């Protein structure tokens, strides 16, 4: 018995000392957020949400977009494009230093572009088929030669980040899959950066967190004056576990949350004292993609019937504050057509359409396969709503929970793609063209970005033609024509324009994203160089 | 001259809690041992011998066992009422018990040496007052006394490494360590085969002679008791039915049961019940009223059914619990 | 020792009866006695009774879910957003989830699935395991033994949960595949158990007797040996029901088990855990439901153990 | 000598079993429907990059060839490349295993001490209120899935009381210490950084306890039953009759035989530390289980196989150790007169 009491006392003592040790103090300006892993900080590999944020911190693009998404000089102080739109020349700002002190020159840019297109992952798809070669005509001049004119090239360049050639070359492992380039430094860049950006990697703990520290001698002089309150350290945790996020927010151990929290979770976060929710568009839109080559959704009247039967009022309730979409392109995106028709629930119209459908007699024979994304809870709501709405006009629906990865898998083949998939997509360069291209062109059919299987050569040529048109007015005119055609075809149901949401510590931090003034472009919206953190205010809050 | 009995059990009752109530195993056991006396206790399997003895050592598992009434006086002091200290004193220095089944009585996961040494240490009072040397010599000594070959090795062995006979000897030696007034031998060697059993009995006999302590020899076989005891108690179904000088009993056993036992000597060994007495020990849950033996008795009388016979003194030191003899007094 | 007394007395009592009664009545009274005896042993621990009662209630609620549950429609593909996320009230005893489905109803139906799952899994894996164990044990040291037991060892070489998970992760997640995975991961434990009993029993007298009297192998295996393995096996089975439900819940917690809209307790907890503590009822009640059923089968299993296991103190 | 022979034999045999296990796991992992390479490279990667990766991974070859490659690599300590981390799996394991091991160690300590103490107490006070309360506790421990514990701990201690951290291994402000053992508490002690040590301990507390509850209860129960059983054994009676003091009997003569079954259960629970995956997910614990979990969910073949193999090996080694320990404690087993149950 004595022994036991002893052990108990000891354990009590230990626990006691544990608690007596106060909370670990926060030092300097610390910015902590959450995001969904995996994150790849290699410009030639990373392309998803978290990677894009990381890249803009660690690397510099040639040009930097302003709030209206107009290109501003950045690494390139000026540029010009040839009359045929095939040759783009950029004049670099001299004296830009990489994190290791060496200077950024045209050579690095050529190297970066070659590396990106050779490896072919990440954002390579924007350039691989277009840039035939890159030449460093002199130390501060670089020229991109395109296969054919590509008007939104500048927009695409927001996704092009410059790596330090010498550093990468020094860390190449041979042999590797890329011939004499060995592994092209992939191994190294997986956990290190070779950039010139305002932040540098301090620790990259895979699946856990990315810790970045401020680049004290960042080349952009005005940047320090613009925002003296920029965080000294940025720590991004690889979790979206709602309870964890909430707990940490409540304990001021987190400055802002990821955008993947459910509506309910956001409401809960909003209730925490001092925590607010910000929301802004980065041109995302939610689609119901209707398989146009699979019965019964291959019949246009059938599709229109669905479009009229859906209850958009309830639907938009699932995405609070998100406007109902108008056509395939979010209105915030340059080149979007504001005159397009918006569907609303009208069962009579739905029935009249349905009666014209060749499947009207044999509705009971079919049941629509509706695959909702198992990783995004809200899609289940949509699925269930859709099911009950369709029941009203006698269409039966079979809803299936499908993990995101499986959705990607199915979409690769026409026969495995479901009648209806619910997917949200975002532009890769800030222009209507991006979505029109990635959503409906034939080459995107076997990807998750298109479940419609339009496969319409005429459409392809129209889009290509538009993209070749250097003059913006002309180009946008062509965009709206295309958008109207799409509406007539009704290959998809345009649900809502998705707003990016983040919970953030309103009392002691500030930034464009949290004032709703963010650059509406994935990754650029959360660039820490513009975020302000006030530790002293946080200290008060913790008291 | 008035001399106080060494051990006196008065009207001891022991019950066991089982389903459907209680097994009334002991029902008024009376039992006396005089200093230096060697007493036998005989009865069929499961008549309560071991229970009685365990009660004396106070090692009955309670619960389920309970002792509703009765007292066990050791030199006039009631063991059942003793405090821990006194009790330990008794266990360590006064009384000790040899268990029926040596295999079960030895801790399987400790070396013989460890077990013996501890016994010695505590038999000699507190840890300080005894040195390693003493312990060692004492251990060796007892092992010699039970004439075990090569004690050195045995001390290093675990019980299972020893033969049944050796284990039995170990048990005896352990008992010896802590005896100097009363030794309870509960059917030593029952589980062994005949030759070994004899050896053990002879060994025990010798030791008892040598020590000159009082002994209670428990057995189901009258034969075993015959030449080692001066007085014998015959027990049946939880109470004593007859007590007499060993010779006297063998000469003329009075209680029908005792007679039965005598008649059945050859077949009784090894337990179970021979034709010596038809029928079986009754169930203890609701035992027969009156004399518990009456269902099996040849000369059952009406009174036997409703009255429990007390001891009737037939002659000096010979008492019988049977109404056949109530008017012989 | 003290306990050998009631035991032996018992044996004798029964025989006593034998002498008096006719064989048929003897037999009857004997079995009756046997049952009462078992029942006593089982019921000696009141907890076992509680367990049994719980199990009965749960099974009842599972079978008659569609009748007793207040909002049966909630079990299926049903939405009622006007009633969504209601805290517990008289209308919804355990509140409603984010789709306005009655949590209590879904728990009842959830029991249907988890119990069904457990029963099916055990009725798949136990027989397979047992038979293999019997055979391997009976042909100990022959090549049959080697083959069977080596394979068993391979499966036993990793904790069942991990194996089940690994298997689930490669199959398309569904309640059926979950069951499959668990079965695959679990049969070896039965095999090993039975194997050890059998191989020890093999030398026993009654087996040899049977062999001498020329009984055929199947008879020996299933009539002579199997009954002697049943005690531990039955205990394990009754306990395993609980474990299978636990593992099933864990699998669906990570999304590899039953898929919505099947009301699965594990996934109910998983989904709802995102909305704690505001919608606590969504997570808490299913969690309790899981604990309750597992508890029931543990208590019951212990009871069975007392009943079949040999007499131990108290 | 005997023991050495035993170990060698067991090890040799274990290797055979491991090979079998690897075949099993490998074939399981390879029947994955769909295209791992595509999943690794993300939806937008052009087809030719996918093909390139497939060839790198020998996905085009028949199964046995693939196994040959895998085995060849494995023997050189190369378990292939992880599709998720894009690194060699061996490296990942080195990276993540210490975290899991550390967690397992503290879990083990907790469940060992508490479980056995509880068990012994209730065993001694068999059928008293102490006993009953312990039994209730252990029942709760057994019937509650670890993820339920985890969630509610996070909720209670992390969110409501806000006394304990609920994610990661080390306090947020601290930058990880130099990696020596990879187990931060140990590294902290080695480098004499006590603030870090206690900080990390705090992080360990919740996950460790939520993991320990189940096994702990198991041990408590086993100990209790064996102890209670042995209490009515004859040798206890004998020892009492020799006048050994209760304490000696309880702590020495009763405890040793009664703890033997507990020890084997305990060790197996410890060996099954792979079961931590859900808890590691919830607490965002950067351990091997979490890594394996993600690997499985993302169909990362090599990682999946490797992780399972690691746990397989662990399980076997521990098993061997258990047999040794138990054999050492219980002569009946060592001297082969009684088979292990």
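A, B, C and D label the chains in the order they appear, each numbered from 1.
Please note the rule applied: a contact is a pair of C-beta atoms (placed from the backbone, for glycine too) under 8 Å apart; a residue touches a chain by one contact, two chains touch by 3 or more.
As the structure is a computational prediction, the values presented were derived from the model and not from experiment.
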item	value
Per-chain CA centroid nearest to the all-protein CA mean	D
Chain pair with the higher count of C-beta pairs in contact (B-D, A-C)	B-D
Interchain centroid distance [CA atoms averaged], subunit B/subunit C, Å	48
Separation of subunit A from subunit B, taking each centre as the mean of its C-alpha atoms, in whole Å	89
Subunit B and subunit D: spacing of chain centres that average the CA atoms, whole Å	53
Shared-contact residues (touching 2 or more other chains) in subunit B	54, 61, 63
Where subunit D touches two or more other chains, by residue	33, 127, 151, 155, 159, 231-232, 234, 237, 281, 297, 299
Sites on subunit A at which at least two other chains make contact	243, 403, 406
Residues on subunit C engaged by subunit A in the complex (per definition of touch)	77-79, 81, 85, 98-99, 172-173, 255, 259-261, 271, 273-276, 278-279
Partner subunit A, residues of subunit D touching it in the complex	33-35, 38-39, 41-46, 48-49, 52, 56, 84-87, 92, 95, 113, 117, 120-121, 151, 154-155, 158-159, 162-163, 166-168, 171-176, 195, 198-199, 201-202, 205, 251, 281-284, 286, 290-291, 294, 297-299
Contact set on subunit D toward subunit B in their complex	127, 231-235, 237-246, 248, 252-253, 256-257, 260, 329-332, 335, 337
Complex interface listing, subunit A residues touching subunit C	242-243, 262, 264-265, 267-268, 314, 317, 374, 377, 380-381, 384-385, 387-388, 399-401, 403, 406
Contact set on subunit A toward subunit D in their complex	3-4, 7-8, 11, 17-19, 21, 23-27, 30, 32, 38, 40, 45, 47-48, 119-122, 124-125, 128, 177, 186-187, 190, 202-203, 205-209, 211, 235, 237-239, 241, 243-244, 246-248, 250-251, 253, 403, 405-406, 408-409, 412, 447-449
